[in-house]
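Heads up, the next two complexes both have chain A, just with different partners, chain B and then chain C.
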Partner chain A sequence: MTIGQTLRVIRRLFAVNIANTLAYRAEFFIYMFGSIITPIMALMIWRATLTSGASLPVDTRYLTTYFVLSSLAALVTSAWHQMWLPSMIRDGKLSIWLVRPGSVFFEIVANNLAEKAIKFLFLAPMVGIFWWFYRDDVVVKASVLRWIGFTACLLFGALFYFSLQALIGTVGFWWQDARAVDWFAGMVQAILLGGIVPLVLFPDWAQGFVNAQPYRYRFAFALDVLLRDMSRQELVTGFILQAGYAMGFAMLARWCWLRGLRSYSAVGG
Partner chain B sequence: MDTPETRASRRPPLDPTIVHRLRRHGRLWKRFFVMAIAREIQYRANAISIILVGIAFIIVSILPVLLLFQFAGEVNGWNQDEVIALVGLFQVMTGIMETFIRPNMTRFTALVSEGDLDPVLLRPISSQFYVTFRWMSPASLFYVIAGAALLVIGLHRAGIQPSPVEILLATVIATCGMILLVCAWSALVYIVFWTISVASIAQLFDDLWTAGGYPVVFFPTPLRLFLTFVFPVAFATTIPVDLLTGRGHWWQPLLAVAVTVVVAGLIRMWWRYAIRSYASASS
Partner chain C sequence: MSELAARGSRTVATPSPAGARSQPVIAVTDLVKTYQFHHQQAGFTGAIKSIFKREYQTRLAVKGISLAVRPGEIVGLLGPNGAGKTTTLKMLTGLLRPSGGEISVLGYQPWQRQTEFLRRIALVMGQKSMLWWDVSAMESLLLHKDMYGLDDAEFRESVDQLADLLDVRDLLDVQVRRVSLGERMKLELMAALVHRPDVLFLDEPTIGLDVVAKARVRTFLHDLNRQLGTTIMITSHDMDDIEALCQRVMIMTTGEIEYDGDLTTLVRTIQPRKRVRAIFAEIPDRTRIETTLPPDVELLAADDDAPETLRLEVPRDALGVVLERVPRFGALLDLDVSDTDVEEIVRDLFLHQRHPEVAS
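What follows is the complex of A and B.
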């Protein structure tokens, strides 16, 4: 398929997914309400720590801005196809996509973009209220260049996370049930993403590992680019690592997917 | 004219008294549990993965606490060891919910939307009891054991030796807290009688439940009140640990019992009202 044809197919699938998503408006509203609870809660805990006299390497303004923006950054970089890809493989529902001219990943990309668009409509006002509530402490003094860097980092973060979830999903070719892998990955990222504890608050002895591990490059690095005064060397190293993880995981996911297709037996097909 | 006798009219009532009714439901609950264990033994890999996830969950719960207290000796009157004890109790409560409640709550949407509630309503058993306690995941009891160990370690490190009375009162409050949380979750999932799906409710519950891993005094007053009276995690974790550490008050268990009785009654009424809207999708 040409690029033009691919984009046309994805656009059609996007429209279908928008319609499907709108049928569950209340459901998505509740999801988004839940997704903003964690950053609010984390911010309150860290603010309580600060008012108890704790000496943190960052100030209230950094923490507040970080947590206010983190829910939006998490949404932009989110992906969830690892939840249904294994069952699609196991139940043979992948077969129908194998006889079509387009890849199943057209549908996955369209679903990802459509749900994000609707979720953004619900989340943005909630973040706006959160922002307004702490407006005195939400400060973003970044140059245009930093904003461009932030946007680029988010896009690379989205590619990295999409590829990682695809990689987890491909486990379905070999295992009957990939939920345990998904659960375990979920537990690891609960800490290493920086969603509850900003990664800059990890102890000094752990900073080397924390800065190098891939989960940092989903959205925490992008927020650091925007909010922290990072040295040129830190920025360059971060950009290289992020691009490396995004491309590396994308290639690994593709390789595993093609290997998996060879062993696919389409029990339900 | 005399009403003709039927086989049904000659039979004695199934439960002459409320005590008989409770006993019969207790026996049924035991049967459900035995069946759940048999199922767990059949799917051993699943049980092992639940235990591994349980270990990861404990690390995930305790790590933020350790990271937080590297910067402060005390936060709003709580030290690190007391918060570790609280995380332990949080794990115990999570384990009980995962074992006995979540498997039922996550099935509830399908019960209503696919008409599977029909046979439940025909059974000679409380339908609310059935939909709340039928399914169990005994492997998740690992959380309870690990959480209890963490609770004891936290209290020991904090140098706290609660008296038997304090332990009893903390247990009463924690039990009330657990019942209140089940009521809160039930109240939310019963909305499915009017909507298509409430799958996101479980996610929302998880997001709110995370707050139980921290003392409610860490949060501002409005949120503290919310976590005590609207989504009552305080009764399940903070207040019991408060009692164990000698910070509690004598009236707290009384308040917890009174609130629990009222809320349980309201949930019973809410169920009876909601079930009237059930249209049986399969018929």
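What follows is the complex of A and C.
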């Protein structure tokens, strides 16, 4: 398929997914409300920690801005197809995509973008209220260049995370179910993502590992680019690592996908 | 090889007149598919044992079959559950990679799933939907338009033609989840055919449909084959589908093709006798009938509720004599000659393959 054809198919699938998504508005509201609770709770804990006199390497303004923006950054870089890809493989529903010239990943990308668009509509007002509530401590004094870097890092973060979730989903070709792998990855992510504990707050001895591990490059690195003054060397290393993880996981996911298709058993008539 | 396979042509069946001059669109040689699976004993102990030690077994689902299908043919692939027919269909459409042998469909190796190959085939699975349920069928058709790279004129012409053939014009703008099963199957066929594939694979296309919907789908497939020359390969447990559509049938049992030939020959081979039913104004004299008819004609037991009806099983070559003599047994009200029900024949055939000792 040509790039133009691919984009046309994704655009149409995007519209179909928007229609599907709008059928479940209440669910989205609750889901988005739940997803903003995490940064609010984390922020309240860290602000209380600072108020109690704890010595942290960052101030209240950094933490507040970080958590307000992290809810949006988490949405932009999110992906969830690792949950339904294994069931499509297990139940043979993947077959309907394999006999057409369009890839199932067209549908996955379209679904990802459509749900994010709808989720954004629900999340934006909540973040607005969150922002307004802590307005005195939300400070972003970034240059245009930093905003460009932040945006680019978020896009690479989205690619990395999308590829990682695809990789987890392909486990379904061999194990029928990827829930255990997904659960384990979720546990690791909860600690290393920077969604509850900003990575800069990890002890010094752990900083080398924390800065090199892939989950940092979903959105924490992008927020660092925007909010922290990093050295040129830190920035370059970060960009290289992020691009490497994004491309590396994308290639690995593709390789596993193609290998997996060979063992696909197309269950059911 | 079974007796039946020896009687039917095992590799190449009677091609359609147009097809006789053409190269096969589907050519399969020594096709093999194996699956590996593990055994697990039932119960708690079995579950615990399977954690530490699993016994794997390899199952030969398709055992080196060969076949050729020519352009414009409608071929029925029949067999009991587990015979390997759906596995074969999945290999032909590229869903499964063969473990051995060679396949060529339209000159492509299906498992490579090249875009050009996928543009020229379609698969309709009775139990899996290709349509997006929360939007109208037209939305799904437009998606296929983009996916298959159809231009506006081609698309419009194809939609118009299919909508008329299937009588679904009023349904195109209705949300798919709101239409009935029969209507949905017609829309599925439309989505599968909007790009005008050269080869159409159908897996149980009429499953779950009522009698009227089944008849419409069959008529449509027949017209499609006649008007566009689409080659059709169909698996179905519904023998009426096969009788209505297929000039040629392949019967698979335990991964092998046991018969490949036309349906009429199959019926004659398995059941060389015809059934004659005659209804008289009064109860006929059965003793006289027994002495008058040729000795190899079987007089079936009379039905208590209809003693005026005479039922006979007659060798095909004795049919003329029997039909000439039956009117002599009384005032004839009705006369009917038929083959044994195809479903019954195929059921007997499957039973024979599995349990030769109980075959009828």
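As a convention for this text, the second predicted complex is superposed on the first by the 268 of 269 C-alpha atoms of A that agree within 3 Å, B and C clash if a C-alpha of one lies under 4 Å from a C-alpha of the other, contacts with A are read in each partner's own complex, and residues count from 1 in each chain.
In the analysis below, a contact is a pair of C-beta atoms (placed from the backbone, for glycine too) under 8 Å apart; a residue touches a chain by one contact, two chains touch by 3 or more.
Small disclaimer: the values here were computed from a predicted structure and weren't measured.
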* Superposed partners chain B and chain C on chain A - clash or fit -> fit
* Asked: Does the superposition put A:212 against chain B (first), chain C (second), both, or neither?
  -> neither
* Who does A:140 touch here: chain B (first), chain C (second), both, or neither? -> neither
* To do: Based on the superposed arrangement, let me know which partner A:251 touches: chain B (first), chain C (second), both, or neither?
  => neither
* To do: Return first, second, both or neither, reflecting whether A:124 touches chain B, chain C, both chains, or no partner chain.
  => neither
* To do: Name the chain, either chain B or chain C, that contacts more residues of chain A.
  => B
* Looking at the overlay, what does A:49 touch: chain B (first), chain C (second), both, or neither? -> first
* To do: Please work out whether A:240 is in contact with chain B alone, chain C alone, both, or neither, and reply first, second, both or neither.
  => neither
* Upon superposition of the two complexes, what minimum C-alpha distance (Å) separates chain B from chain C? -> 5
* Asked: Can you pull the chain A residues that chain B and chain C both touch?
  -> 23
* Asked: Which positions of chain A touch chain C when the two form their complex?
  -> 1, 5, 8-9, 12-13, 15-16, 19-20, 23, 92-93, 95-96, 98-102, 262, 264-266, 268-269
* Asked: Hey, which residues of chain A end up touching chain B in the complex?
  -> 23-24, 26-28, 30-31, 33-35, 37-38, 41, 44-46, 48-49, 52-56, 177, 179-180, 183-184, 187-188, 190-191, 196-197, 201-203
* Which of the residues in chain C come into contact with chain A in the complex? -> 35, 86, 90, 93-97, 113, 115, 118-119, 121-123, 125-130, 132, 134-135, 139, 142-144, 146-149, 203-204
* Asked: Along chain B, where are the residues that touch chain A in the complex?
  -> 46, 49, 52-53, 56-57, 59-60, 63-64, 67-68, 70-72, 74-76, 195-201, 203-204, 206-208, 210-211, 214, 217-220, 223
